[in-house]
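Please go over the structures that come below.
The same chain A turns up in both complexes below, where it pairs with chain B and then with chain C.
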Partner chain A sequence: MQHRRFNPRNIWKYVLSVVLVVIYCMPLYVMLNMAFKSMTDSSSRLSPPKELFWGNFAQLFQEGSIVRALINTLVITVFTVLIEVVLGCMAAYPLARHRSRFNKLINAVMMGVMMIPPLSILVGVYSTLVSLHATSTFWGMIIVSAAFGLPMPIYFFTKFITTIPRSLDEAAQIDGCNTLQVFFHVILPQMKPAIATIVILNGVGMWNEYGYALYILQKPSMYTLTLTISQYFSSGGANNLNGAAAAACIATLPMIIMYLFLQRYFIQGTVDSAVKG
Partner chain B sequence: MSKTLRTLRKSRINLFYVPALVLMLLFVAYPFAQAIHLSFTNWNGYSQTMHAVGFANYVSMLHDPNLRTAFINTLIYGFGSAFFQNVLGLLFALFLNSRFRGHSIVRTFIYLPVMISGLIMGYIIYYFVQYDGGIFNEILGWFGAAPVDFMAQRWRAVLIITAINIWQYAGISMVIYMAGLQSIPTTYYEAARIDGAGTLRCFWSITLPLITPAMATAVVMNLIGGLKLFDVIMALTGGGPGFATNSLSTYISNQYFNAQRAGYSAAVGIATFLLIVLVAGIFNHLFATRELEA
Partner chain C sequence: MRTSKIVASLACVALLGSTMAACSSGSNSSEGDHVELMTTWTGDRLTELKNILAAYTKESGVQVQVISPGDQYETVMKTRMASRDMPDVFETHGWSLERYKEYLTPLNDQSWASNIDEAIKPVITDDSGNVYVAPLTMSINTIVYNRTVFRNAGVDAAKIRTWDDFEDACAKIKSKGVTPIFIGNKSGDVAQLAEAIPPTMLTNSSVKNNQAKALKDGTFDFTKYWTPISQMVSKWNANGFFNVDLLTADNDAGVKKLGQGSAAMMFGGSNNITQARSYTPDADLGILSAPAAQQGGKNSLSMGEGMCFGVWKDSKVSDKAKALLTYLAQPKIDSRIATVSGDVPALSNVKNDSDYVAKCLSETKKMFGDDLEYIPLFDRAYLPNGMWDDLTNSFTDIFTSPGAKGVDESVQVLARTYQQKFSR
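The block that comes next holds the complex of A and B.
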């Protein structure tokens, strides 16, 4: 890579860059700004706080619902993504290696599921959960999310396994591996980057999930971050927008920090999963 | 070993996808069938009894002014977002692809809002559009202009919601286009330059045709995302004032949980599903034929 020097002809690029960065940082700046100001601070929302005020955060942790929401969200995200990865890998293996007509049909069915916007069949999902007594349960939330989230990993993993040379499978079989052993010793170890992509993409998706959580998790003790945040902003939160901003910080910072450290994987994952194979 | 036994042994591998299939059948396919069934009833969402009403729900959709509003809004959210996200995404990608010092920092920040829940982003934007003390009104005040109640009027509110969605997710189109641009061999441009092609000519004749696959992906992704829009609307207006900013998604949940018209809500859901499948299908087809020509 060649060494780039500052070029005066590029000055407009730097001006435009600064404008773009400012536009894209503004909301986050305002969120942080509000979070570190006391409720009684009536200065402009654009001006930085004179000194960092930690009271909003202290109050949030004292009250405790944000901590519970963090734990709830973490539990739901981890288990949903775990189910998606395990079942997704398992399903992709035969679909990539055993291309019978029947399996092509199964594949088509799964891709069809990908087209269904979850909220459009809200009534059906919710009434199904009611009859299973699964409303306001974590497992209900996890299993519904996993079911709707599965087609993407299956599609992605299938595409990925197809690129692993079949001769590797055959070599292992000649050495006496059965199908299961081929899967665990040959296929799975190579799937690490694909699994990382899915963990990142679906993990962010679940962390930020709102549509279904709103209806499935109706007990306040089960609220996820998005539900808790909406509590802060809607009910009486309008009086304490500073506290609400602090809560929004706690909800978003884990994702933002992870993104800043692993951004290459986040961006590559988006591209890989989007580009049609 | 007999032939059937061998095929049986070979297809034992298929057992691997059974768990995934069962999960999807139980929690997607069955609810889907259930939703179709309920859309032909007058169920209110909680009582034990319901009556079949035939196509009554679908007929009343035609005469529901609130649904018409939600439908038109959804088209604006969907097509408006997709159009501007792609124009912006492509412009950003071209800009960042011109390789200057620090271009990757700009990319980092443009993609950053994708990490944040649409709901929380909506709430953060509330700090800007709030009538009392909102940042936009403060800025208007600097110029001596009267404060504006941004979310009180239908069209203004719909445009603001669309704009937030465009701004927040333009980064996705941008990274898809950046990958597309990087896959174009630079020799093409060098050859064109020798033949005397200018920058614009290069763009129309090389860049645009060769990034059609990236465009197909980005357009369809953004369309589906915009047509499903839910979180931002819930955060900023909850579908209001009245029903003015509802999308089909927010209207579905409103009819089910607030109006207790579960049967009707199911019918609207099925219609929404068909709309999205139709739009995605049309655009996939359009791009597929374009790729063949290119």
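The block that comes next holds the complex of A and C.
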């Protein structure tokens, strides 16, 4: 194995890297630091605690709300992403293979929907959910999130499928496959990188979702992680930033685990979304 | 890669461990035929409210589901108002008449209604004499101060009788290296100045050329009467009486500094005292009344809605909701609510003399005796609905454009928006 020699002319790259690492690690450091300090500790947010204060975590687990929030967030994220991926793939295949005027119109509509800020139609969506008795339910949150999240996967998958040679479909059809078989046995296996990209991007997005969850999930038993953390911020009382930091530590842990296991896909996904999206 | 897998495995173990630890201690409340109650409270205050409600459930068998959207309370309520899907019981946070009246059921016939304190009664009663909320507490919205800072600077709170005295006190405090007035304007708190200054120059009983009527009938002359208010704030700014990060700081930073003694005063509610003491438990704090504009005038304390709950008029569990309010209005319960909120009880049969804020209030009353006037919140009583943000913008102009230009802009902004909102 050949080691590359250190080139003094490249030292600025190392300095820049260190600066970037410090900048990126700073919020995590502050979060951890605050989590281990009590609310009455008035020292700087950057200075380390004199002694580790476990009270914030103890309170968090005594209440039990964080675990319920973890489960709720997991359920909503998994089902939303599942719907987006399954429906997104199946909608993208015909859109990519039949470039008719109608399909172009559908693509344009998808692009249009992506341009609508979700919260701009909040009142209409909320009123509909109330009339369907869907507030504070998993399915209400999941269908709304999936509806807003679907256009991006459809668009992304459509572009991806157009890069798969049409001759593969034709060869499968000659071998006797019908359209669904072609899709499931030939096209879908080719789409793994694109699906991983969507799972990562939309999965992280759903994990951190706050805007709609605030309105749809009002029962405390339905709170997600972001809503549980927001409980530490008061409209009139004191903000318990230390409690919020402890809750944020727990909330980010699953994402950190996922990142450590799937970092190859994360990086690939980011590159793919930049190149193909 | 191997290192990252080890780290990930350790994190997995930590997460699993914490989950199991929590599962053993966490509990889910049972749900059934319940009353939905929405509050602005979070943290310790919410915990105390939940304890009270748990006792109520035990006593009555009625489940109460508490919803607490924290600092997003108003946005959630606005969406629910637009969708006509209100909680059975909800906090009106100072807007029982102007904003929520059409969604609330009158509560005049409730047993506690006859005990409503005279100081809060006009604030929550409409023109037809209806009351729509159970006023559990009332907030004192004027100035809170750090007694230790005052002592160290040689300032006697009892001798601050006019705004000139107030300015002298600020100068003495500043000379000791302490910020005289802290305002956290990140969420628009500079408008708190409007609860203390304008009443003393425009509407209090001792004001000679009283403008209360003109403000209410839309004929108020802002250029003539509001300019002195903006000029005074501008002068304080020029003298360095405010914190330098006024435009970007939040209220939380203010209460911390007030408690620690690096700021002497904050304009705003008495709940700032409770908050400051949650950060600095041994802070020695007090309530300062707004001084008069001229010598011989009365000092004043602005009183507003504190913790007030109303019942949604279309609630399917209206009777249960009213029974809950009756429970909360009991002297023992209301006293606990007042103590944890940092306000004072708004029902005359409730006493919580041992509470810190109540003691502060009684000390202020003793300090000024008959020279103290209780007044309603200025923006709610004399300005059209929805002018809080305009007050914020108006006072902010003074700080973003120091000097005569800022004063002029401040007055013009307010005059324009007042006319627009009044004509609606």
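Remarks
In this section, the second predicted complex is superposed on the first by the 236 of 277 C-alpha atoms of A that agree within 3 Å, B and C clash if a C-alpha of one lies under 4 Å from a C-alpha of the other, contacts with A are read in each partner's own complex, and residues count from 1 in each chain.
In this text, a contact is a pair of C-beta atoms (placed from the backbone, for glycine too) under 8 Å apart; a residue touches a chain by one contact, two chains touch by 3 or more.
Only a predicted model underlies this, so the values are computations on that prediction, with no experimental measurement involved.
In the superposition on chain A, A:68 contacts chain C only, with no contact to chain B. In the superposed model, A:261 lies in contact with chain C only, and not with chain B. Of the two partner chains placed by the overlay, only chain C lies in contact with A:250; chain B stays clear of it. More residues of chain A lie in touch with B than with the remaining chain of the pair chain B and chain C. When the two complexes are overlaid on their common chain A, residue A:100 makes contact with chain B while staying clear of chain C. Look at A:220: by the touch rule set out above, it reaches chain C but stays clear of chain B.
Once chain A of one complex is fitted onto chain A of the other, the partner contacts of A:240 are limited to chain C, with no touch recorded for chain B. Using the contact criterion defined above for the overlaid structures, shared-chain residue A:115 touches chain B, although it does not reach chain C. In the superposed model, A:167 lies in contact with neither chain B nor chain C. In the three-chain superposition model, chain A touches both chain B and chain C at residues 122-123, 126-127, 214-215, 230, 233, 241, 256, 260, 263. Taken together, the chain A residues at the contact with chain C in this complex read 39-40, 42, 57, 60-68, 70, 122-123, 126-127, 130, 135, 214-215, 218-221, 230-241, 243, 250, 253-254, 256-257, 260-261, 263.
The touching residues of chain B, when paired with chain A in their complex, are 10-17, 19-21, 23-24, 26-36, 38-39, 45, 92, 95, 98-103, 105-121, 123-128, 133-135, 138, 167, 172, 175-176, 178-179, 213-214, 216-218, 221, 224, 227-228, 230-231, 234-235, 248-249, 252-253, 256-257, 262, 265-266, 269-270, 272-273, 276-277, 280. Put simply, chain C touches chain A in their complex at residues 4-5, 7-8, 11-12, 14-15, 18-19, 21-23, 25-29, 31, 40-46, 65-76, 79-80, 82-85, 93, 252, 255-256, 260, 269, 271, 274-275, 278-281.
On the side of chain A, the complex with chain B involves touching residues 4, 6-7, 10, 13-14, 16-17, 20-21, 23-25, 27-28, 30-31, 34, 44-46, 83, 87-88, 90-91, 93-95, 97-98, 100, 102-103, 106, 109-110, 113, 115-117, 119-128, 143-144, 146-148, 150-151, 154, 179, 183, 204, 207-211, 214-215, 225-226, 229-230, 233, 241, 244-245, 248, 251-252, 255-256, 259-260, 263, 266-267, 270-271, 274-276.
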